[in-house]
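Each of the next two complexes has chain A plus one other chain: chain B in the first, chain C in the second.
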Partner chain A sequence: MTNGLVLALIGAALAALLAGIGSAKGVSLVGEAASGVVSVDPSKFSKVLLLELLPGTQGLYGLIAAMFILIKTNVLSGNAADLTVQQGLAFLAASLPIAVVGLISGIMQGRTAAAGVSITAKKPDHNGKAIIMAAMVETYAILALLISVLMILNIAV
Partner chain B sequence: MAKLKMKKIELIAMLTDSKKIIELLQRRGVVEISRNDDEELENTNVTAVVGEFDKFRNTAVQALDIIDNYAPEKASITDMFSGKTEVEKHEFGREAMQMEKVMSAANEIIKNQRLITDSANSISQLEIKCDMLQRWLPLDVPLNFKGTATTSAYIGTLPYQITAESLEDQLPDNCSVEVVSGSKEQTNLFILCSKSSYDEAGDVLRRLAFVSASEPESHTPLELISMYEQEISDLEKGTDEAKENIEKLAENRKELRFVIDYLQMRKEKYDALSGLGFTESTFVLTGYIPEKYCEQLRKEIEAKYTASITFTDPTDDDDVPVLLENSSFSSPVEGITKMYALPGKGDVDPTPVMSFFYYLFFGMMLSDAGYGLLMLIGTTIALKKFKLETSMRKTLTMFRNCGISTIFWGALFGSWFGDIAQVVARNFFDKEIGSLALWFEPLTDPVKLLLVSFGLGILHLLLGVAVSFKMTWDTGKKLDAIFDALPIYLIVIGVAPIGAGMFISVPSALTNAGLYMLIAGVVILVLTAGRTSKSVFGKFFGGLYALYNTATGYLGDILSYSRLLALGLATGSIASVINLIGTMPENKVFKLILLIIVFVVGHTANLAINLLGAYVHTDRLQFVELFSKFYTGGGREFTPLTVNTKYIKFKEENTND
Partner chain C sequence: MNGTKYANAVGAVRAMENTLLGKSDMDQLINARSKAEVNSIIASKNGGGAKSEDLEDVWNMLREYAPDCKELEILLYRNDFHNLKAVLKAIISNRDPQQYYISPSNVELSVLTEAINSKEYDALPEYMRDAAAEAYELVTRTLDGQLSDSLIDTAALKAMQKSAEKFGGEFMQQYAKLTTVCSDIKTAYRCCLLNKSSQFMETAVCGSEELEKSELIKAALSGTEGFFGFLETTDYANAAALLKDSAAQYEKWCDDVIMELADGARSQAFGSDPLAAYYIAKETEIKNLRILSVCKEFGADKETITERMRKLYV
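So, the complex of A and B:
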């Protein structure tokens, strides 16, 4: 195993790790707010569940980027490529957008969605607006994922 | 196809017919009644009647809640979709006739419920008393025992631990102390003194912080406990009986629902009456009605009643309500429009504008033919099988159409539950079947799909600008319409080939043409965008500012469509990962078992989360990128007087009853 491969694996780990932490934190923020609403009116469960799921996507994006690195470096098929240090660093750099943006946007989206829970509590018919507001935050995670994936796919191995 | 044209209705008829006419309007559900504001006409006060209906309805609702609590109906997933019970109109009348019987059942249910809560309170109080008495259990005299002819007794508690001997030392000589029970925090004592030293002992005890036991009953603790336990079991029996009663009364569930709906209808009818204006023998009703129902309603009412009906066009000052009507292709996405805001006074209905792109983008984001197939099958079954409310039906139809679009894109990209076909062929039959894509696989050429996304995005945006152009044109400001729309078209279309040239090779003729269009667009924009400003400086800087806004705004908008690619990639790659996990083991039997489990669980989860993602982000593309070009919203929903029932709906709707 070369140093380059280790760097690439660190990149994959960062993507899954940081974006996952962001999502976990975001989902838990919404979950706490949502539980309060459900304790008063259990019938709102499905509506607040939608909101709670929103910040969960960053973790998935991190997973996707990590998977792309693993596939591209042939780690999954068992005969890992001998990457140079430059190539390894390239993978590490490519993982950074989704890792960092995933972490922060996951938490921020969680906060927006948690605030949206109060819309669902008071005006359940306007639930959709809360969802849209939270979805705005996700835009930047999507952009980051896009850049990460485009970078990973275009690194020559 | 869009906003329905509304007419103002004014109906004058005989007072004696008022209730019947209101009932008719309620059943037709096409008229929204405005409150009478003509001061020369009398209003009627219905507060008392409506209050009465509300009171009865609340009782029935409360009773229904209790029944649902103690004898819940077995609910299944089909019930969720099954909608309201259909009844014939005459049957509804019959049900309503039994109101007295149903209301007495409702009161009975509430009484039983009250009994249960009261018993529960008493039981918990008795249990506390029993706990207290446990400490005094060894005592074989009542707690209020005062002594015999020659002796006096103190029964009570010291708030610390003490032995009989040490207390006896402090008390006068002829006192005997018995510790009934004790703990670290307190000692429960029975102290017997001769009559003569009673007061002296009392003084000593007071100093030691002695508290006498208070108990009015002349029974020993043992007797008391068994009495209380008897009482508790009686109460519990009563509770069980009350619960049984409620369960028995639960057979009134259906009738209660009828009564709730019946009272709701009556209440709304009287509310409507309060909006009318009255003279001595006639009444006046004003309101809004969609134009297409006008003649039908006029015929129906004039055939039966003496009435004068006039329809007029609303003026600009009127707060006209909005009702949408669209083709069967567009109407399913009306719910999305409503979620944003209904069209306001100057707006067009954005539903037909966005419907095609809604389906298109949704399919592109989910982009797996297998998932699309599941959506199509699921929604088709639901639509066929269940009696649904209109809004639910529309939503399901929308998802069905989105499902079809998802199959289309999935087939183009060759994604059927990810790459399950290839995975199965490779692992179990040792064959490579290659790509199933009718067009290309996004993973092999993401840049191509990115450009396709931007291209569709540009079409979507230009559609929005075109609608805005048409709206301005129709108001007569034709030059404004041209100067607003033309530069944007020139700039966006001109930039497209130049932008694409950064990723792929574009013929230089195209980029050159693009460059000229871009320059022309920029020049027109800078020269005309500041036209409302008075000074020359204002015009010039207004133009520059508009250029900056257009450049940043449209660039951001177009880049935002990259989510079409990103979400599509997300679905596909997670699906592939699921299939990959399923084929980890070497042994083929294990592999098969694991694959089946992982396939079902994994793809269900992936479908759920990406369905949510596709839905949310399609909405966003419509609301933020498209609506911002031409749509303000802020209309008021048309809320006709109608049969607003929760549990039942009428089967008939024939016009000649």
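So, the complex of A and C:
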């Protein structure tokens, strides 16, 4: 295994790890707020569940970016490419947008969705507004994923 | 991630807020012809939450949800110190303090009674120890219940300010300040009407950043004209005008300013402020229901009842 491949794998790990942490933190925060509502009014479970799911997407984006790196470097086929240090660094750099933005946006989306739980608790008919506000944060995670994927796909191996 | 540890509690409180009585419910209650109709309106709203007449249930529920109650406990300081007064009086007059005890409280009656009886003040929370020892010494030495009560009331306000500064955020600090101001104006005015000495006022008036103790005492010593003249130069000119007209209107103003403060927490998604605001809202709701009940009993007209109703949270 070359140093370049190690760097590429570090990149894949960071994408899955940091974005996953962001999602876990975000989902747990919304889960806490949602549990508070459901403990008093169980009929609101389905409405608050939608909000809880939103910060979970960053973890999936991290997974997608990591999978692209693993496919591109042939690690999944068992015939890993001999990457130079420059190529490895390129994969590492390509993983950073979704890793960092996934971490931060997951946490921030969790905060927004947890605040939206209050809207759902008090005015269930306005649940859609709470979802839209939380979904706005998602935009930046999608943009980061797009950049990460474009970079990964265009690294010559 | 400031205040996110309260996310679960805030979620629960937001759901519980739906059981609070709103303006239309209050209008219905005021227009209700019978007690049965009043009870049915209250029951229809409170099916999912705590019983409206039992503030202790609300407190227990908040304590269950809140990860840290240190700040919220400040809301009960007034009850704690009231109970201290009750126990002292009961001990002096050899009566059962249970009938004067109000709940919820941070200190159980048995603990309070035992601490005073045995003079083991360390069993009490830190904020009560000095006041309990001093009040006991004062009341046993002078047998002046009024002076001892004043000492305890002032100690309660000081404890609120100190704890709010130590544990509380801006909301609780403001709550402590407003409670102190409302109480100080009322106390100073009474002292003024009863021609109390400056020595008594030194014990009875707490003072705050908003209204300095020395200035308030000086104004109260100068007579009612001077007292109201002084208040008109402060931010509390409106309160002074109400107090001049009617003590009941002033009391309503005091409750309303606290509710306006609580209203600010309605838009907060995190932190302990929404919990404190809910407690205040419930306390006010119970007060409104008591006023309504008394007014109905004495056959007061709708306008009189509406005039006396405190501002609502929802």
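Worth pointing out:
In this section, the second predicted complex is superposed on the first by the 157 of 157 C-alpha atoms of A that agree within 3 Å, B and C clash if a C-alpha of one lies under 4 Å from a C-alpha of the other, contacts with A are read in each partner's own complex, and residues count from 1 in each chain.
The criterion applied here is as follows: a residue touches a chain if its C-beta (ideal position, glycine included) is under 8 Å from a C-beta of that chain, and two chains touch if they have at least 3 such contacts.
Keep in mind that this is a model prediction, so the values were computed, not measured.
The superposed arrangement places chain B and chain C next to each other on chain A without a clash. Once chain A of one complex is fitted onto chain A of the other, the partner contacts of A:10 are absent, as it touches neither chain B nor chain C.
Between the C-alpha centres of chain B and chain C, as viewed from that of chain A, the superposed structures give an angle of 50°, to the nearest 10. If you count the residues of chain A touched by chain B and by chain C, you find the higher number for B.
By the document's definition of touching, neither partner reaches A:157: not chain B, not chain C. In the superposition on chain A, contact of A:60 is made with chain B only, not with chain C.
When the two structures are aligned on the shared chain, A:122 is found in touch with chain C, with no touch to chain B. The minimum CA-CA separation between chain B and chain C in the overlaid arrangement is 6 Å, rounded to the whole angstrom. The interface of chain A with chain B does not overlap its interface with chain C at any residue. By the touch rule above, chain A contacts chain C in their complex via residues 29-30, 32-37, 39-41, 44, 107, 111, 114-115, 117-118, 121-122. Interface residues of chain B facing chain A in the complex, by the touch rule stated above, are 339-340, 443, 446-447, 450, 559-560, 562-563, 565-567, 569-570, 573-574, 577, 580, 609, 612-613, 616-617, 619-620, 623-624. On the side of chain C, the complex with chain A involves touching residues 1, 4, 7-18, 48-49, 65, 269-270.
If you check the complex, the residues on chain A that touch chain B are 50, 53-54, 56-57, 60-61, 63-64, 67-68, 76, 128-129, 131-132, 135-136, 138-139, 142-143, 145-146, 149-150, 153.
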